[in-house]
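Take a look at the structures listed below.
Here come two complexes built around chain A, the first alongside chain B, the second alongside chain C.
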Partner chain A sequence: METLNYRNKAQQRAKGSKRQVIVGVVASGNLEVLAERVLPDTDCEVDIRTAAEGFGEVWQAVVADFVERRSPGGLKFSINDGGARPDTVALRLAQAVSAIEGERT
Partner chain B sequence: MTTWNNAQSLRDSRKRAGAPYAQGKCVARKDTTALLEAVIRPGDRVCLEGDNQKQADLLATALAAVNKDKVHDLHMVQSGVVLPEHLDLFELGIAKRLDYAYSGPQSQRIAKLLFGGKIELGAVHTYLELFARYYVDLTPQVALIAAVSADREGNLYTGPNTEDTPAIVEATAFKDGIVIAQVNEIVDKLPRVDIPGDWVDFVIESGKPFYVEPLFTRDPGAITETQILTAMLAIKGIYAPYGVQRLNHGIGFNTAAIELLLPTYGERLGLKGKIASRWALNPHPTLIPAIESGWVQQIHSFGSEVGMDDYIRARPDVFFTGPDGSLRSNRAFSQVAGLYACDMFIGSTLQIDLQGNSSTVTADRVAGFGGAPNMGSDARGRRHPSQPWLQAGKEADPDSPAALRRGRKLVVQIGETFGDKNAPLFVENLDALKLAEKLDLDLAPVMVYGDDVTHIVTEEGIANLLLCRNNDEREHAIRGVAGYTEVGRGRDKKLVQQLRERGVIRRPEDLGIDPLDADRRLLAARSIKDLVRWSGDLYAPPSKFRNW
Partner chain C sequence: MNAAALDKSKDSNDASTSASSWYEASARQRVENLLDANSFNEFIGPELRETSPHLPLFDLPEQFDDGMIVGYGRLGGKPVLVAAQEGRFMGGAFGEIHGAKLTGLLRAARDIASLPVLILFDTGGVRLQEANAGELAIAEIMRALIEARLAGAPVVGLVGGRAGCYGGGGLIAGCCSALAVSEQGRISVSGPEVIETNRGVEEFDSKDRALVWRTMGGKHRRLIGGAEVFADDSVASFRDAAQYLIEHAPSMNLSTLEAEQFRLTQRIERFGTCADAIDIWRSLGATEPQRIPALSYREFAALANHLQEPRHDAR
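Let's turn to the complex of A and B:
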């Protein structure tokens, strides 16, 4: 088990007012993301617990792109990873923002 | 004085040697090995029928049981090395040399035997080129084939899984070889004749159906959102703009997703009747919803697919069927159809390098090719025009005069940037190269050559290699859709951005696709059970796919 933590500056605050959402499931090749609106508006934190070790560089790149594209200011993400591939990670993170911003349910 | 009929004399003596075991042409199952020992001579070229689907399994077992003092040093020339017996032949010293095309399940063991020097490898072929060589320099002296039933004259009914049989039998029977068929049963009257009896020398009733692998069945339940995203990109970014009507699909989950998106996403885009109507394709269960929704005009198949026979029989307007109503497949003709009459091949692969070469071998597996390299290559002998072919040719070579410009087949590789166990799809060097070095092969086993590939689709977008004007652009078009793999992270961001502005790379947002729309609810069927329902209960999936 590896734990990773990334803090990035976001361009702007995530829209909406929901306090927290969970998307995904903990399963092999999948992951669960808890998003919480608990940080200052320009901060973003991603906390990862993963079963697959040695993918730090990939995680860092995925998270950096995600923050740049989605601008999830004020959100803390906690990820329970079951060995998901980067495309799934990016998708779940995007789904989490979309859900907390209230675009979709 | 020259004699001109040595081969005929040899054939006659082989037949005489086998005759004591036969009543007419029929040989009892218990005498199969004795028959083979009588007919086959040391050093013979033998074709033991089997490919990625059907298997002459009884004859494989019988051949592996021959006395190797009598039968040895055989040169096996066959499509598939699939059954354990196919390799037992080499371990036991019955066979020595091998020319083949495909070895899915035995890919690891075949590699071991190659390393250990137990097999002298001729070459790994595509199906079509191996068939071609049956007529030039690899003509079998003995063919061991499989059919559903025979009559007492030796006429054969191959059923829906005709596959390689006609190509093998024609080469053998008309060049003085011996044809031995295993059949499930001997009957008085055949439903139809697929192989005429005077091309067949001996028939053995096996008492049970020959083995068929359900290789083309993909459970919609296992299709991921990312695969759906790649399917949306392909449909909107390639099928639609080129207007691809005639095509072949690989067996991966990405293309299964495309099949299942036609009646939903494709319909919504207004593409019904405009794309994907004519196919060289096995009867993929995942195509059932598109067929039922009226998308598909016609399908010619390499083989059948387990459980699809009743459905096919009920849809003769779509499939090729015989007077008896069942499917007539033919691998050689369908491969030719895929090579010359299709405007697109789209399939998944395991590794793609920076030139766009792709391969499904890994360092310790020699999987072989099957048919993909024929489908996935530009047919240089093609002369008939079609819209997608002309358009692709124009993109590759805009400056030549149109009347002298070759068209191009669309050869599309589709996949997620990371595969099973987080293995990257994109690599600096193919494992195939390491394997070629280890085995001292002249050629690395490349599935699709980079200069044939026109598009690469991943969740990150589409790279159109037709529009690349030099190697540097090509490399960065590939890096630009390689996601977070090392190859992808090694991109020059500015160059990739320029390629995107020119439409060489197109992101989901460039095509108006929101990755969050890639939802499993878009699939016309989300389970095998859904497929059964779509088929009106005509599709009978094999038990391993029944999870309800």
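Let's turn to the complex of A and C:
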């Protein structure tokens, strides 16, 4: 198992008032994302535990792109990863933001 | 349940969610859509991160809820306790935490003594990485389930997930007050591959999907009286089934157990020499038993009600 942690600055606070949501499942090629509104409005943290070791650079790129696109200020994301591909990770992160902002999941 | 009762589905959720497939849904989606809208409150939610203490020893990923969701909510306006297994996380298998959450829920049901419990099974059995803790969990759950029933709480199992209901899950299902199963649901103890591995391919060919389904699938379980209600693969159908079974659950006492023992004795006398499920269906009175696997939900539910009245004793 490999543990990764990224802290980024976000342009805006994530919308809505939900305290937390969870999306996805830990299965082969899949992951779960727990999003919690626990940080200052300008901060975003992504905490990852993954079974696939040695992909830190890819995770960093996916997370940076995600924070840039969605601006999820105030949210901490905790990920349990079962070896998901980068596109699946990006979709799950986007799904988590949509869910906590109150859009349909 | 008879077809007429199923027809007048009075679902308060919107049509898109209630018509959605039970089989395809996640455990959280099932709970959310089964219960009255926004009524679910989770115990020991994922934010508490009560994960398995065993999986890290094997360098395996954890899930924040350990594949078991427990809580309370409302069904048709009435309070219920509910547990749901996520069949995609480690095959929905029982580990120490996963099992302890269900044990705790059932002990709460015992202490409250009036709230019904719904168990949304989706499991291959015990998680082999935590074998002893998982086996102990199964025993604790069965004890807690029986204690809850003795205290007067109906415990209803719903089976229609991708992992089926196998191993210790099959034993727990056997302890429930009543079960609803869909065609996709399978209920057994030893799974197809376990039987094949132990007894040989001549005994049971696990690659023969038709054989697996007609031996362990929902239609067969309904026909031999292992499940009281045959549900369609939709949230709405399982919702109706759950409400019906909570209303009609039998009490747990000595005469229930004696009736169960009597019916099991009769079953082995009646069907003990049958080589295949089709032989059993024929001796139940089905005129074209070979057509049963292809029957639609409505056709089959009508046939099952005609051949076999729902009975609330033996599995």
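Everything below uses one rule, namely that the second predicted complex is superposed on the first by the 104 of 105 C-alpha atoms of A that agree within 3 Å, B and C clash if a C-alpha of one lies under 4 Å from a C-alpha of the other, contacts with A are read in each partner's own complex, and residues count from 1 in each chain.
We adopt the following convention: contacts are C-beta pairs under 8 Å (C-beta built on N, C-alpha and C of every residue); 3 or more make two chains touch, one makes a residue touch a chain.
Small disclaimer: the values here were computed from a predicted structure and weren't measured.
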Open item on the list: What does the overlay on chain A give for chain B and chain C, a clash or a fit?
Closed with: fit
- [ ] Answer with first, second, both or neither: which of chain B and chain C does A:Ser78 touch in the superposed model?
- [x] second
TODO: Look at A:Arg13 in the shared chain and tell me whether it touches chain B only, chain C only, both, or neither; answer first, second, both or neither.
DONE: neither
TODO: Considering only touches as defined above, state whether A:Glu36 meets chain B (first), chain C (second), both or neither.
DONE: second
Open item on the list: After superposing on chain A, what angle in degrees do the C-alpha centres of chain B and chain C form at the C-alpha centre of chain A, to the nearest 10?
Closed with: 70
Open item on the list: Quick check for you: in the superposed arrangement, does A:Arg49 touch first (chain B), second (chain C), both or neither?
Closed with: second
TODO: Just the number, please: smallest Cα separation between chain B and chain C in the overlaid arrangement, in Å.
DONE: 5
Task: chain C partner contacts - residues on chain A that touch it in the complex - done: 1, 20, 22, 25-27, 30, 32, 34, 36, 49-51, 78, 80-82
Task: chain B-facing residues of chain A, complex - done: 52, 55, 57-58, 61-62, 83, 85-88, 91, 94-95, 98, 104
Task: Residues of chain B touching chain A in the complex - done: 224-226, 229, 416-418, 422, 459, 483-484, 489, 515-516, 518
Task: Residue ranges of chain C in contact with chain A within the complex - done: 26, 28, 45-47, 49, 56, 59-65, 86, 88-89
